[in-house]
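Letters A, B, C and D mark the chains in the order given here, with residues in each chain numbered from 1 onward.
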Amino acid sequence: MLDLAPNNKRGLVLHSPIMVGSGGAGNGDCWPSGLTPDMFAAVVTHPVTLRPRRGSEPPRLAELPAGFLLNTGDHNPGFRRLLDQHRTQWRRLGVPLIISLAEGAPGDRAWMAERLEEEPVVAGIELPVREDVNLGELSAAIAAVRRVTTLPLLVKLPSTRAAHLAKACVVAGADALVIGGPPPAVYPASGQALLEGVLGGPIALPFTLRALEKVAALALDAALIASGGIQRRQDVALCLNMGATAVQVRSLLWTDPAAARALAQWGQDPIE
Amino acid sequence: MIQTKAHVVKRESERGHVILTLKAAALAMRLGPGQPILVRPGPGLDPYLPRTFHPLSIQDDLLSIRIPPDADRGHAWLRARSVGETLDCLGPVGRGFRIAAQARRLLCLGEGEWAWTLLSLVEKAVAQGVAVTLAVEATSATRAIPAQRLPLAVEYRLATVDGSRGRRGRISTLLPELLSWADAVAAAGTMAFYQTLAAAIEEQRLLLRHGYAQALYPSTFFCGVGACQTCARDVAGGRRRVCLRGPVFDLADIV
Amino acid sequence: MLDLAPNNKRGLVLHSPIMVGSGGAGNGDCWPSGLTPDMFAAVVTHPVTLRPRRGSEPPRLAELPAGFLLNTGDHNPGFRRLLDQHRTQWRRLGVPLIISLAEGAPGDRAWMAERLEEEPVVAGIELPVREDVNLGELSAAIAAVRRVTTLPLLVKLPSTRAAHLAKACVVAGADALVIGGPPPAVYPASGQALLEGVLGGPIALPFTLRALEKVAALALDAALIASGGIQRRQDVALCLNMGATAVQVRSLLWTDPAAARALAQWGQDPIE
Amino acid sequence: MIQTKAHVVKRESERGHVILTLKAAALAMRLGPGQPILVRPGPGLDPYLPRTFHPLSIQDDLLSIRIPPDADRGHAWLRARSVGETLDCLGPVGRGFRIAAQARRLLCLGEGEWAWTLLSLVEKAVAQGVAVTLAVEATSATRAIPAQRLPLAVEYRLATVDGSRGRRGRISTLLPELLSWADAVAAAGTMAFYQTLAAAIEEQRLLLRHGYAQALYPSTFFCGVGACQTCARDVAGGRRRVCLRGPVFDLADIV
């Protein structure tokens, strides 16, 4: 049995190492052709903020070789509406639901985390971390959330700075580290407007692997979850081999649901 | 939405663009005019984003897509496919054109490349016995839909910016006459085109009422199921995901 | 006339904006088919260290989509042998030669920079900067070099941290900033060994553009040179448009010398 | 080194691999056995790294390359080329095999896939009147060079690991006999193969002298001109760039 939070009383047990990464299935309500929640080990929502956010103006997407840049600007309906609109549907998910809490005003995340204690449908919290965060602020923010919740806490680190930030996160109370948010970049979208966004797709994998290698070498007392660019069985095998307990897939669900379905059968298949 | 392997059963090449006829029964069955499909544009993981197509015709187990003669390398790969190969397709995306039960005279209005996306609607409306006029604005005659692509029953009106065929200039000069005839409108073009159209309708009919004109929002799609949030636009009174609410909207909701 | 160092008495005047980036033509002695030094605005050497370095063990290269990871480990014959072996040939280059000084023991770069004052064939110095450098150390290192040389000083910043480091470099005496060294990543090379290296090829461009956008916004008193992933005329136009004075090309010389030659004709061609 | 567009004039497909014959006069003229060429493996900027090939034959204005049936997507693109298309090629890279003026009996020794790189040398040596034995170690008969690819004058010896043709097992058992015959050796294989060969030569001739055996260093190339430093290896008494010093070395310099 895989447990992403063995030191946490609640634990976070997965039936396979293949999770749906933040927003891959929207807020657990957007399932591409042929995919159902129970195929995956867990589902992470889009990052939510306390108040609604209209997100970025278009264009939000630019194509890169073997990938893309995406910038949605944390477009979301706000914490209260998210829960109100999805609670019923989440009860039927059948697998652990992890709420991603985006950074907003100071104290917002702790406030939301505290509310989530009263939501039996929620199995964990993921905190995405900005690339330019300062180490002290990050520790304080994680510790503030840790104080108010008994839920398993996943911290999603930017891949370029994961090794630098990892230890402080575990000390501050993270149960697991998601490695990592791919690096930001700029490229012209269609219509020539320069788009600043975060890398996605297969081309993100080399950044994930570098961060995973460096964080695994620290041998911290936290589960590692590889995220960013994972597409093929060999990518999963490599990440598990390098020390990850699980992986998150996202855009594969969109570009090739059949491949995502096959990948989700990890371990159930005699040929591996 | 379903994912399916579509078989290329016919390939026509015409003035740079390529039309592929695909055999994909389960997809054709679910697909209506105005609903796009997403096609994988290469054999591997690059290019990675799907390409969006609005089938030109949907008949029984067949559908056809037109790949424009642009510089996109995904399109270049798709243009090079030949009969017997298969394409990985996802679709249909969102909601398409509706032909109201009481519609008798349907005006289909297309601008430039977007005009092609109306062909399957034209086909379906004619088959249902609706009188159809297709009016198209193109930069020149060679870039317009050839008349022989249309059912005989369709009245085809053309405005070319260079005057090489039909009315010289923009389509706006044709609109008063066309709108006075039509009891329903379906349009495909840019947002600027829709502004012009809405203004002409208001001039002609005093009010742009819901239910009179539908318009295809000009967009490509990534996930097509609401997850990626890349297609969000300010339409229908809020910031909506075009792949869920559209891509066909009431014109009154997008201008 | 383009001048990369207008505030420097010596100046660094270029006849076009297209330079050969560090190592693109070896140490000015490795010219792919059909290319000659005078086609380019300037030539930057491989990074050299005071003592010889054997560089990394193979594999040194892994393929990525639209690019590669490269790790040569600053393989070089050492400062003295570099000068002794190349001085004669450099006199015949016909365009400015810029020596890249790699980081070594503390003080090594300043020592080498001082020696270069006596080499009339040298037109400038480029200092490549590590991604994990500390801001204070970097300022001190640049200032130390600045004190001992009147040569134009180019500082090559890692793209992920360029905006953070740029100002301090200019304050410490940099005449121009090279933007930037692409991000490091890890991917299996052939034979499955994990290779850690720096990104190269077209896929590096989105990182260069992001760093260039951020540094240009600082409006510092230093010329900006875009480097990393530049291949096509449109890439050059974009970088110049975003505030770069010049660009460096490297692997394009290897994969498509004819295209590099065409690019080097920038400005001489009526259709642009 | 030159860069040139080579025209595909013939395409043969055989047990998965594809042999393309290219017309490229300026390149063929400069190219000798053992000197690789670098070929762009796609239409655009991806895949980005060139693919390395050792031409199987070089004759007048023609040369031919063999694309192995592996999973590399650059190779997949190259296998799909057809007659009339052009390939972007760079070459020759470095130094090839030399046939010493006094050589009378040349033993060519190839291991697995690497054996194919010896074909152009075999051709040239036979044309110069040298007696040639080609001895190849393959995993099985179906993966070995077919005899009909060779000039008639060549003596062909095969060892297959599965015993499906020729001597069963590794080539080492054939070496004593072959080496006692040869006055010059040219080899292509892995470094392990060269260790075995060097040991056999020392056994047979007491000393591995410079000038007796040449070996193709098993390497692919990026720039091919010494700039990128990716091909540096510890050979010939130092860390050398194989694309400048090699890829053909004296066997004594690489073991």
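Note that a residue touches a chain if its C-beta (ideal position, glycine included) is under 8 Å from a C-beta of that chain, and two chains touch if they have at least 3 such contacts.
Predicted model only: the values in this text are computed from it and were never measured.
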Check your understanding: What chains do chain B and chain C have as common neighbours?
Key -> A, D
**Study point:** Topological distance between chain A and chain D, in contact steps
**Key:** 1
Practice item. Express in whole angstrom the distance between the two chain centres, defined as the mean CA positions of chain A and chain B. Key: 36
**Study point:** Separation of mean Cα positions, chain D and chain B [Å, integer]
**Key:** 55
Check your understanding: What are the residues of chain C that contact at least two other chains?
Key -> 64-67, 202-203
Check your understanding: Residue numbers in chain D touching 2 or more other chains?
Key -> 45-46
Review point. Chain contact graph: line, ring, star, complete or other?
Key: complete
Practice item. Enumerate the contact residues on chain A facing chain B in the complex. Key: 23-26, 29-34, 46, 54-55, 58, 60-61, 63-68, 70, 72, 75, 201-203, 231, 251, 253-258
Point to revise | For the chain D and chain C complex, residues of the former touching the latter | key: 1-3, 40, 45-50, 88, 90, 222-230, 232-233, 239
Review point. For chain B, which residues count as touching chain C in their complex?
Key: 45-46
Exercise for review: Write out the stretch or stretches of chain A touching chain D in their complex.
Suggested key: 65-66
Practice item. In the complex, go through chain B and note every residue touching chain D. Key: 43-44, 46, 73, 76
